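After this come two complexes, each holding chain A, first together with chain B and then together with chain C.
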Partner chain A sequence: MKSHDKGSLLTCCLAAALGLVLAASPVLAADKAVKIGNVEPLSGPSASVGVQGKQAREMAVEEINAAGGIKSLGGAKLELVYADSKSDPTVGVTETERLINTEKVNLMTGCWNSAVTYPATQVAERYGIPFVVPVAVRDTITERGFKNVFRVAAKDSWWVRDQFRFLKDMQEETGTKLKTIAFVFENGDWGTGFAEKWRELAKKDGYEVVLDEPYPSTATDLTPVVTKLKSANPDIVMLVSNAADAILLTNTMAEMQVKPKVVLASGGGHADPKFLENTGDTAYGIFDEVEWNTDVNKPGAKETNAKFKKKYGYDLTGESVDAYASMYVIADALERAASTDPAKVREALASTKLSTGPAMIVSYDGVEFDKDGQNKNAGIVIVQVAKIDGKPQRVTVWPKSARRAGYTPVFPANK
Partner chain B sequence: MTAVIQATLNGIMMGSMYGLTALGLTLIFGVMKVINFAHGSLLMVGMFSAYWLIKLTGIHPYLALLIVPPVLYVFGYYLQDVVIKPVFKAERQTREPATVIIVTTGVWYVLDNLSLMLFGAEYRTVRTAISNKSMALGPYILSIPKFSGFVIAVLATIGLALFMRKTKIGMALRATALDREAANLMGIDQYKVYNIAFGLGTAIAGIAGCVLIPFYYVYPSVGVVFDIRAFIIVVLGGLGSIPGALLGGLVIGLIESVFSQFMASTWTEAIIYAIFLIILFVKPSGFFGNKQDW
Partner chain C sequence: MSRKQLDTSLLGLAALIAFGLPLVVTSPTYLQILILLFFYAYLTTSWNLVGGFAGVLPLGHSVFVGIGAYTSTILTLQYGVSPWIGMLVGGLLAALVGVIIGLPTFRLRGAYFCLCTIAFAEGIRVMVENIDSLGPLKINGPRGLLIPLKEPSFWHYQFMSKLPYYYIILTLLILVLALTWFISRSKIGYYLAAGGEEPEAATALGVNVANCKLLAMALSCFFTALAGTFYAQLMLYFYPKGLMGLDLSFEIAFIALIGGRGTIAGPVIGALVLRPLNEFTRIYLSDMLPGLHLVIFGLILILVMLYKPQGLTAPLAAAYDKLARKITRAPNAKGAAA
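Let's turn to the complex of A and B:
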C-alpha cells in the first residue's frame, strides 16, 4: 500500500509538473503582449481630436491582433495603455514617466498637441523608449537630433512647401506658365507665419510678388483688399483666412469680378464646412490644402473610412488617419525587430520602408524616416472645390497618385 | 487711379451703411442722453430677423424692409418700456443716468447669449436675388447690394431728419431732447417719448440689418464689429446729430477704403483712430455737435 501511495504521489507530481509545462507555454505567449503607451488629450479643449485618435488606434490594433498579432514574437498582441494629457505639457510629461516606469510600456505614441509632444518625447529619449508621433506638427519635434522620436505626418513648414510643389507640378502637367503671385493673409500668428515662408519660396521658384497684403480678420468689409487684388491682377492668389473672412473674401472677389488663374488657400477657414455652405457658386475652382480627404484615391481608403464610420459614426480625418497608420508602422517595426527590446525596436523603426498594407490609406506614398526620425515621404493633399452632382464638393487633386479617379483638375481655374 | 476711384466709390457705399448702423445710436443718445450699449445687439437682432425672414419665406431682401423695421420698432418700444424705464425712473434726478448705461450693457449680454443659445456660434449667410451681383459703370464695378444699401441709408437719414422736424412726435422728441423738465411741464409724456425714441432707434437697426444681410454674414456677436465703428461715427459726427451720423460714416468708410490702397489694410484701423483724435482736437463736439444739445 505504502509503495503504491508513493507511486501515485509521484505520478501526481509528474502529472502536475507536466500540466504546468503544458499550461505554461500558452501563458508565456499571452504574456508577450507588446505594451504601447499612448498619451492623448482625452479631456479638456482638444478632447474631441484626442478621442478621434484613440478610436483610430483602437481600430488598427483590433485589425492587427485579429490578423494574428506580431508573428515574429509568437503572435504577440498589441496592447494600448492610455493616459490623458488634458492638453497640458506638465501632465503629458508625468504621464509619460508613469507609462514608462510603472506600466513598463515597450513603445510610446501620441500626443497630438505639439506643446505636449515636445517635452514628452524628451522624456522617452532619456529612457531610450521609441516614440512614434503620428501628428504633432511643430517642426522642431524632429529637429533635436533625438534617436528615438519618429514622426509620421508632415511638419508645419511642409504645408507651405507643398503649396509650391503643387503649383509647380500643375503647371508642368497642364503646360501653363504662371508668373505673378499675390499673398493675402489674416494678420495673426498663423497668417504672418505662412507669409514669411511664402516670400522665401516664391523668390526661389521665380515668381513675381505683386501684392503682399495682411488684413484684420475682424474686418467688416474686404472690398479694399479685393480692389487692390484687382489692380495687381496676379496669376496666383495665396490665402490664409479664418472662417468669416474666407466667406467674405470669396464672395467679394466674385462681386468685384476678380478672377485669378489660381486661388490657393491654406486650410483653416476654407476647410470649415460652413465655408461651402455660405459661398456656394462663388467657391468653385478654389484650391485648398488638407492632410487627408475622404476621397483620396488610395487602395483601401474608402473601405477603411466606411468601416470606421460604421463603428464610430463619423468620417476619418487627416489626424486620425495618421494615428491609424502609425499603429501599422509600429507593428511593421516589431515584426522586423522580432524583439521588444527598445534598442532593437528603435533600429527597426529607423529602417522602416513601409509602402504597402492597410497603412497606405494615407495621402502620401510611404513611410521612411530620415536620420532625425521625420517621415521623408509625408505630405499634404490639395483639394479643389468642384460642382459634383450639383453640389460643391472638395475633390482631391494633388498629389497625382491620390487624385480622385476620373477627375481632371481645372487649372488654371479661370481661363 | 482706377483703383482709387473704385475705392472711393466703395468707401462711399460702405460708409453710408456704417452711418446707418450709427443712426439709431445717435437718435437714442440725442433724446435719452443714454449711450445704448445694446445697439450692436439690436443690429444683430435686426440681421437675424432679416435672415430668418428671407431664409424661411424666400422673399426679396428689400421686401423684408417693410416687415423687419416695424417688428423691431415694437421690440424696441417694449424693451425700453419693460426693462429700461424702471431704472430710468429710479435715476430721474441725474441728467445722464449711468445705471441705465449699465442696464443696456446687460441687455447686450442677454441678447447676444440668447441668440448664441438659439442659433449657435456659426456664421450664416442667405442667398438672395441680389447677392454677389454687380454692375459695371465704365471701368468701375458697383456691387448691387451695397449700392442699394447706400440709397436706403441716405433715404433713411433724410427721412428721419424730416420726421424730427415736421411731425408732432418728432417735435416732441426734440423738445424732450432739449430740456426734459420743460417738455414735461408742456404736457409731453417723457417716458412715452423715450419708448418711441428707443423703438425708432431699434427700427433703424432693423433697416440696417435688412441692408447688410444680402452681402454680410450674421452670427451672435456680429454687433460688436459694427458697434465700435458706430461709437466713433457718432462722436465724430456730433453726439445726437442725424446728418452727423451719415457724414461720420462716410469719413470712416472713405478712410478705410481709400487709405488701404496705399498701405496694408491692417493700418487703416490705426489711421481711423488717429484722424478721429485729430478731428476731436480741432472740433471737440464733432462735425455737427453744438455746444448745447439740440
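Let's turn to the complex of A and C:
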C-alpha cells in the first residue's frame, strides 16, 4: 500500500502542477495593447460572412493602429483576438467566457448570428465587459435592459419600419397614391416574423391588404401563388424570399404578366448575387432592402470599398461595413474613456456621438446609442434593380441622402 | 492490507482529488472544461443504467436532457419556481416519458430499438422547434430559451463563480455512480444483466425482464433530465438543436462505448478521454478543419472497437487487478501487522 500511495501522490502532484501551468500560462501579455475579443462564425454554415467580418475588422484596426492607435492611452494599439462560434450558441457562450476570463479581453464584439449574439451578450453583461454588436438583427438583443451591450446596425423591426417609410416617402416624392398591398413570404421564422410586422404597419398606414400568402421556400413551383397574386391585383407586393424561390417568383410573375406597381423585397434571396444572374430582364424595377450598397453616396465609401477590394478581392457588404465601422466606434470610445477599465469604456460607449470619420461610410448618418444600447440612427437602404450600361445593377435610391447621384428611381415601376 | 482496503483508499483518494482540484485549477475556463467533463460523465453514467446494464442501445437520450431543461426553465421563467424544484419535476416527467417509450419499444431487438429511440428523439426535437407556445407554456420554437440573470444565489441556481457548478455536478456524479454500484450488486442488476444477454432464458427462469428494463429506463431518464436543468443553469441559454439534437445523444453513446458499456467506471473513463480531446481540438484546431474533433472521435471509436471491443475499462481494470494483487500479496504480512 505504502509504495502505491507514494505513486498516487506523485501523480496527484503532477496533475496539480499541470493544472497550474494550464491555468497560468495565458496571462502574460499585459502591455499597452487593448484586447478586443471577437466571436464570429469562422467555420460551419455561416463561415463566409464570418470571414468577411473578420477581414473588415482587420482593415479598420490596421488603419487605426497606423494612425497612432489610441492617443489618450499613450498610443495603445488595438489587438483583435478571435474565437470561432461555428454558428453554435453554446460554443459562442463558452468562447465568450474563455475570451473574457482567459484572454482577458477589454471589450467584446461579434457574433453575426442572432442566435449566438443573444446568449453571448448576456455572458458579457454578467462580467461587466462592454460588448459592441455590429450586426445581429434580433430585436430582443438590445431589449433586455443590459448596460454593456451596444448595437451599431438596425434591428429586425426597423427593416419593416423602413420599408413602409420608403413607400411613404416615394409616394410623396412622385405624387403617386398606392392603396392595395399583398404580402408573399416564405413560411419560416424569418418570413412569418416580417409578415407579422407588415400587417401592423399596413393597417397603420391605411393600406388595404388584398393577399396574405405564406409559401414553403423549398417549393419547386410557385404558379398557384402567382395566380392568386394576379387575381388580387395589388399596387404593392411585399416579399420575403430565399434565393431559389426569389428567382422562381420573379420569373413566374414575368411569365404570367403580373405587373404590380411596386415590388419590394427584404434582402436575403433577392440580395444574393445568384438572383440577378438567373432573372435576366425580369428583375428590372424591383426594389430590395439592404444594409449597404457599394454605390451609397457617402464620403469615403467608394475609396474604402476600393481599398478593401484591392486587399481581399471582393466588395464590402452591409455586414462587413458595420463590422468596419464598429472598430471606429470602439476606438472613439476608448479615446474618450482614456482608460481600459470596462466601466469607463462602457460610459464612453454610452455617450457615443459619432458622425464624422472613416466609420461614416455606413448608409445612415451617425452612431448614437439609446438607453438600451441600440444605435438610434441606424437604418437601411433601399436599392432598385436597374439597367445600367446594359447590365442589371443594384442602385441605391433611399434614403434620399444616400441615393446614387444622377439616378431617378422608377416609381411606380410598372406604369 | 487487504484488497478491499486498497480499493477503498484509492477511491477515497480519487474523490479527494476531485474535490480539491478547484484549489489548483482557478481559471474559470479550465474549471468550465472540468465541469463539462463531469457533466458528460454524469450523463453517460445515467445512460449506462439502461444502455449498459439492460443490454439495449438507446440513442435518443438527449430528449430527456431537453425535458429536464425545458421543464425547470419554463417553471422558473413563467411561474417563478426555483430551478431546484423544477429539476425534480423535470426528472419525474422524463421518467414518465421514458416508461411510455419503453413499454412498446423494449420488445424490439437490437437495431430496431436503437432506431426507434432515434426517431422518437428527433420527432420531439422537430416538434419543439416548430411550437412557439404549448397552451400557456412558452417554448419559443427554434430560438430556445434564455434564462435572465438573477441575483446569484443557491435558490436561483445562479452563481457568479464556476465553483458551485463544479461541486453540484460532482455531487450529482458521485450520487449516480453510487446508485449504479448499488444496482449492479442488487438483484435487479443481475436480472438486468440476465435479461440483456439471454432474455428467453431469463424469462424462463421467472425473471420479469420487461419490468426490470422499465425500472432501469425510468431511473436513467430521471437522472438524465437532472443534467438538463444543470446545463440550462450553467449556460443560461439553450435551444432545441443544441440540447435535444442527435449530436448529444451520439456523444453520450461514444463516451460509453469507448469507456466501456455496462461498467461502473466506463462512463467516467470515456469522458476523461474524450472531453479534453473535444475541448482542446475546438480551441486549438478549429481554424484548421471544422469538425476535426468528430473525425478524431470516430477514429478512436474504430480503434477501440477493433482492439478493445469491451471498451477501455476492461484492460485498465485487468491491469489494476494485476497491480493490486502484487501490492496486496507482497507486503501482506506487514499490512496485517499494522
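Methods note: the second predicted complex is superposed on the first by the 380 of 415 C-alpha atoms of A that agree within 3 Å, B and C clash if a C-alpha of one lies under 4 Å from a C-alpha of the other, contacts with A are read in each partner's own complex, and residues count from 1 in each chain.
Convention: a contact is a pair of C-beta atoms (placed from the backbone, for glycine too) under 8 Å apart; a residue touches a chain by one contact, two chains touch by 3 or more.
Treat the numbers as computed from the prediction; the structure is a model and nothing was measured.
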item	value
Partner chain in contact with A:88 - chain B first, chain C second, else both or neither	second
Chain B versus chain C as contact partner of A:189, first or second or both or neither	second
Which of chain B and chain C A:119 touches, first, second, both or neither	second
Touching partner for A:351 - first (chain B), second (chain C), both, neither	neither
First (chain B), second (chain C), both or neither touched by A:233	neither
List of chain A residues in touch with chain C within their complex	1-5, 8, 12, 15-16, 19-20, 22-24, 42-44, 47, 84, 86, 88-91, 93-94, 97-98, 101-102, 115, 118-119, 122, 125-126, 144, 189
Contacting residues of chain A [partner chain B, same complex]	187, 213-216, 218-221, 223-225, 227-228, 230-231, 243-244, 247-248, 251-252, 254-257, 274, 278, 280-282
Contacting residues of chain C [partner chain A, same complex]	1, 5-6, 9-10, 13, 17, 21, 24-30, 32, 141-144, 146, 148-149, 160, 235-239, 242, 282-283, 286-287, 290-291, 323, 327-328, 331, 335
Residues of chain B defined as touching chain A within the complex	2-3, 6-7, 10-11, 14, 18, 122-125, 127, 131-134, 141, 143, 146, 215-217, 219, 225-226, 229, 256-257, 260-261, 264-266, 268-269
